[in-house]
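Reviewing the structure listed below.
First chain written, first letter: the chains are A, B, C, D and E, and each begins at residue 1.
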Amino acid sequence: MLHRFANPTRFLRIASIAQPWIAWATILLAGTGLYLGLFNSPADYQQGESVRIMYVHVPAAWMAMFCYTSMAIAAGIGLIWKHPLADIAAKATAPVGACFTFLALFTGSLWGKPMWGTWWVWDARLTSMLVLLFLYLGYIALINAFDDPARGTKSSSILVLVGLINVPIIKFSVDWWNTLHQPASVLRMDGPSIDESMLWPLLLMALAFKTYYIWVLLVRIRAEIISNKIRILRLRQVHG
Amino acid sequence: MNGFMTVLKRDLHLAIRQGIDSMTVVMFFVLIVIIFPFGVGPEPNILARVASGVIWVAALLASTLSLERLFQIDYEDGSLELLSLSSVALEVIVLAKVTAHWLTTGLPLIITAPLLAVLLNMNKEGLLVLILALVVGTPSLSLVGAVGAALILGARRGGVLLALIILPLYLPVLIFGVSAVDAIINGFEAKAQLLILGAFFLAALPLCTWAAATSIKQAIE
Amino acid sequence: MNGFMTVLKRDLHLAIRQGIDSMTVVMFFVLIVIIFPFGVGPEPNILARVASGVIWVAALLASTLSLERLFQIDYEDGSLELLSLSSVALEVIVLAKVTAHWLTTGLPLIITAPLLAVLLNMNKEGLLVLILALVVGTPSLSLVGAVGAALILGARRGGVLLALIILPLYLPVLIFGVSAVDAIINGFEAKAQLLILGAFFLAALPLCTWAAATSIKQAIE
Amino acid sequence: MNIFSAENLFCVRGGRTVFTGLGFTLKAGEALVLVGPNGSGKSSLLRLMAGLLKPASGILRWGAEEISEDPEGHGGRLHYVGHHDAIKPVLSVSENVSFWASLMNGGSGNGETTLGALNTLGIGHLEKVPGRFLSAGQKRRVNLARILSTPAPLWLLDEPTTALDRESITSLETAIIHHRAGGGMVVISTHSDMQLANHQVIDLAGFAETCPMLEHSL
Amino acid sequence: MNIFSAENLFCVRGGRTVFTGLGFTLKAGEALVLVGPNGSGKSSLLRLMAGLLKPASGILRWGAEEISEDPEGHGGRLHYVGHHDAIKPVLSVSENVSFWASLMNGGSGNGETTLGALNTLGIGHLEKVPGRFLSAGQKRRVNLARILSTPAPLWLLDEPTTALDRESITSLETAIIHHRAGGGMVVISTHSDMQLANHQVIDLAGFAETCPMLEHSL
């Protein structure tokens, strides 16, 4: 199954068909989600209007972890089955994931000021999230630190796999240590414990973030394939 | 097993011949700890409060710096290729080199740490737990660091890059190492933290050996 | 002068080609600053108290690590021999390389520092003086570091040894840099400290250039 | 009897095809010389043979077994001499050589064979000299002494004569004759002319791709 | 007319005497070949000539002037090729070469001469390739292109043929003939036989100390 998509020409064809659809889906989902979240949902009885940060913060935080996990899976596939496309997908995911992580940290801080009275506290959830940002940045630094791109890809793939340990730590940090941050109320074993008027816009936004990720991923993979082609063409030119 | 001992002996041999190496790491460790009061001011109660943290951070940094050359020199002079071509599994060789590294740098740090702790006004119970925590924690540092050292082989900016990669991974050791000491100082038990450090080591042992060996294999392609 | 510009341009060129390099140093700097709260505990008032010290110590370490390869790579690939054989005085070449180093690592540090200071709860006046002190102080770090980088050429344990050599020499910069910020925060003037930092730089400029050039000549014998 | 063979080797480096469709068969006692202009892929082929590099496609075999299936076993039966001499500056010449010997033999570096190997290459008198004091040619000879000090059926030598004087080249040639007489195989890349009796030659220039653009390298 | 000469050179390395009482005189257009077994001091002598190493005693002169009096001036009039090729992996071949040219000329690396030098050594087509993609011989050729791209009266070449194929050696020989025809001098250490017309030879083996232990090395 995988091998069918591993062929870059076929991938490029499928990608160019899928891309506009995904773009429209993103815009639609984000539009409805934002409208519902910002104008059509109640302010929280405890948190007031600042609760609306949630509609960006929570999906961004989910995506930060999701992107890292996908990156690790792609890197693993690239390492074991030597799939060039998987390597490229991992590489293309990193900056997106880093941005989501940054967004989660940033909106979290914004939210923290009214809620906890400070931009930042050094607790387990926030810290492990910061570590995640550094894992992303370390990956990006490592993949670019080699003269030979193939070397960079392999080295950084191993790094992602080792760093994967951090993801469960982020997820369960609120359960294992008592932190300021509130525990999971959507993604938990016994079903969500959040009011439906807030749940819906949240889920829409989460979906929008996901389609946005796929959209950017397609664009970046195509760009990467093309720039590789250019590199090879240049090599061919100079080597005569 | 024979391969393990041969490589371990050779690495210890090299370290002893080069004489000042573990001294250098210890001195760097001491230096960082001593430099710190210059930064935060010399009040004893603040110092005592941050003592365990400073010592752990210094140990982290000393370990990072000393790890940079763990495989680098063998890589550059062609030994690593030959080692990987020997009939001994690369994982065993990695383990032997990590052991040698810990014996020549981790151990001296553990021996020095109590002195520094006293200098920073740490009390006796704290001291004991600090040593225990270092004994359980520093092997993990060497193991995790070995992965970093293997990953950066052939990269352009070694030292800083290595630090960037492994410091985030060191954080669990730092957090539990410090909190073990703080727990005891504040009159709680430190057993849980020490157990977690031990578990971390047991998890790191196979994972890091594998990851380091794999990265070395692809570095010498 | 021409020789200076040629070498400066080439080093900047190399740094830009390797793109992410100064980013790496900045990230290391940020990481060290961030790691400290883990060690010393997260209480905001303690953090604010040690903020300037932590930032300076991190700058020192980032500078140390990034300096390791200042001459190393040129030494290993034979470029340093050829540079020293060119008709341009070795002192000029050293100065060009140090300038390039400061532009690609010192400057980014100065730009990042304010952000970190805010994270550690430093106030606005302190922030301003911190930047000023870094502007006057970091060139000295690059200069002093260059001497260390030249001294360790060909030594076996680069990174740690370098740190050991130059960190003590960095102490004056650290002390006056920190005390400038502390003075302002506590409502005093910081002018004296900044002037001393400036004087240190002026003294380091000829002295370090000469010392680095001399050690390079020795190293390539 | 040992046979070392390959078929249809395809080597890509830095996204560029270096050679394609290369094969060879080497029987016990035979020698293979790789020639070709700079950059034609001699070093790359030797690294493929050692298992240090993986071919983009094609198979290398020892007897009937594929070497990619047991890389450690393959490493144990060959000696590789590359561009770097793997000499530790702080260890003496004999310590340098005997470490590799004992790693190969599983722990028993034999002092006598080490000295014998050094003498064969005319550096017996340097036995106690630390590696850092050696000239380029002396280092190369120490590296060659390493492969003489323990037997292995397959020698892979990448320009082994670099920096060697005439006399050492002759010693090396003699050593190769002995090795082959004992059923050993040897693959050598060289620009200068070494004297080998009845050897096969592969000219790498003949296997260069005219069109280096590759689909699968993306 | 330029004369490069030395008398009574005495070289100590690692506490050991390498050679003593060595002298030579080299006039414009002349060539000097250094031969001798491994470790006899060829590389050391070349480094002495370049001013990279200081003799324990003895004097090197350019014309009447001692080179130790103006090391920078001496550095400016020579090209040295050692064991390392000084090639930056991230710079393209032509950037690598033209940096050295512009350093030598005080800021004006001429694109045309660079390309000319590359073409002379048959690597004009690699002009835009980053250094990291080069094989051993290609690197060596880039290093040689460096010395062709700016004129200097004295060439000091330490085993310049290392890793070169036959064709490149011929190009180098031709380049040396041109250099000498223009009044240049060249000193070469080599084990393989390069073709040079009427050159002087110094056999380093003749200058070795018989008793290598020296009081002053204590």
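Assorted remarks:
Definition applied: a residue touches a chain if its C-beta (ideal position, glycine included) is under 8 Å from a C-beta of that chain, and two chains touch if they have at least 3 such contacts.
Because the structure is predicted, anything quoted here is derived from the model rather than measured.
Where chain D touches chain E, over half of the residue numbers in use are shared by the two copies, so each contributes mostly the same positions.
The busiest chain interface, judged by C-beta pairs in contact, is B-C.
Taking each chain's centre as the average of its CA atoms, chain D and chain E sit 30 Å apart.
Averaged Cα coordinates give chain C a centre that lies 45 Å from the centre of chain D. Centre-to-centre spacing of chain A and chain B amounts to 32 Å, using the average Cα coordinate of each chain. For chain E, the set of residues touching two or more other chains reads 83, 90, 132-133.
For chain B, the set of residues that touch two or more other chains comprises 18, 76, 156-157, 161, 164, 167-168, 171, 221. Among the residues of chain A, those in touch with two or more other chains are 127, 134, 137-138, 141, 145, 147-148, 235, 239. Here, these are the chain pairs in contact: A-B, A-C, A-D, A-E, B-C, B-D, C-E, D-E. Remark: chain B residues 147, 151-152, 154-157, 161, 164-165, 167-169, 171-172, 207-208, 211, 214-215, 218-219, 221 touch chain A in the complex.
The touching residues of chain E, when paired with chain A in their complex, are 89-90, 125-130, 132-133.
Chain C contributes residues 18-20, 23-24, 27, 31, 34, 37-38, 41-42, 44, 119 to its touches with chain A in the complex. Contact residues on chain A toward chain C in their complex (touch as defined above): 118-123, 127, 130, 134, 137-138, 140-141, 144-145. By the touch criterion given at the top, residues 18, 20-21, 24-25, 27-28, 31-32, 35-36, 38-41, 46, 49-50, 52-54, 56-57, 60-62, 65-66, 68-69, 73, 76, 156-161, 163-164, 167-168, 171, 174-175, 178, 182 of chain B touch chain C in their complex.
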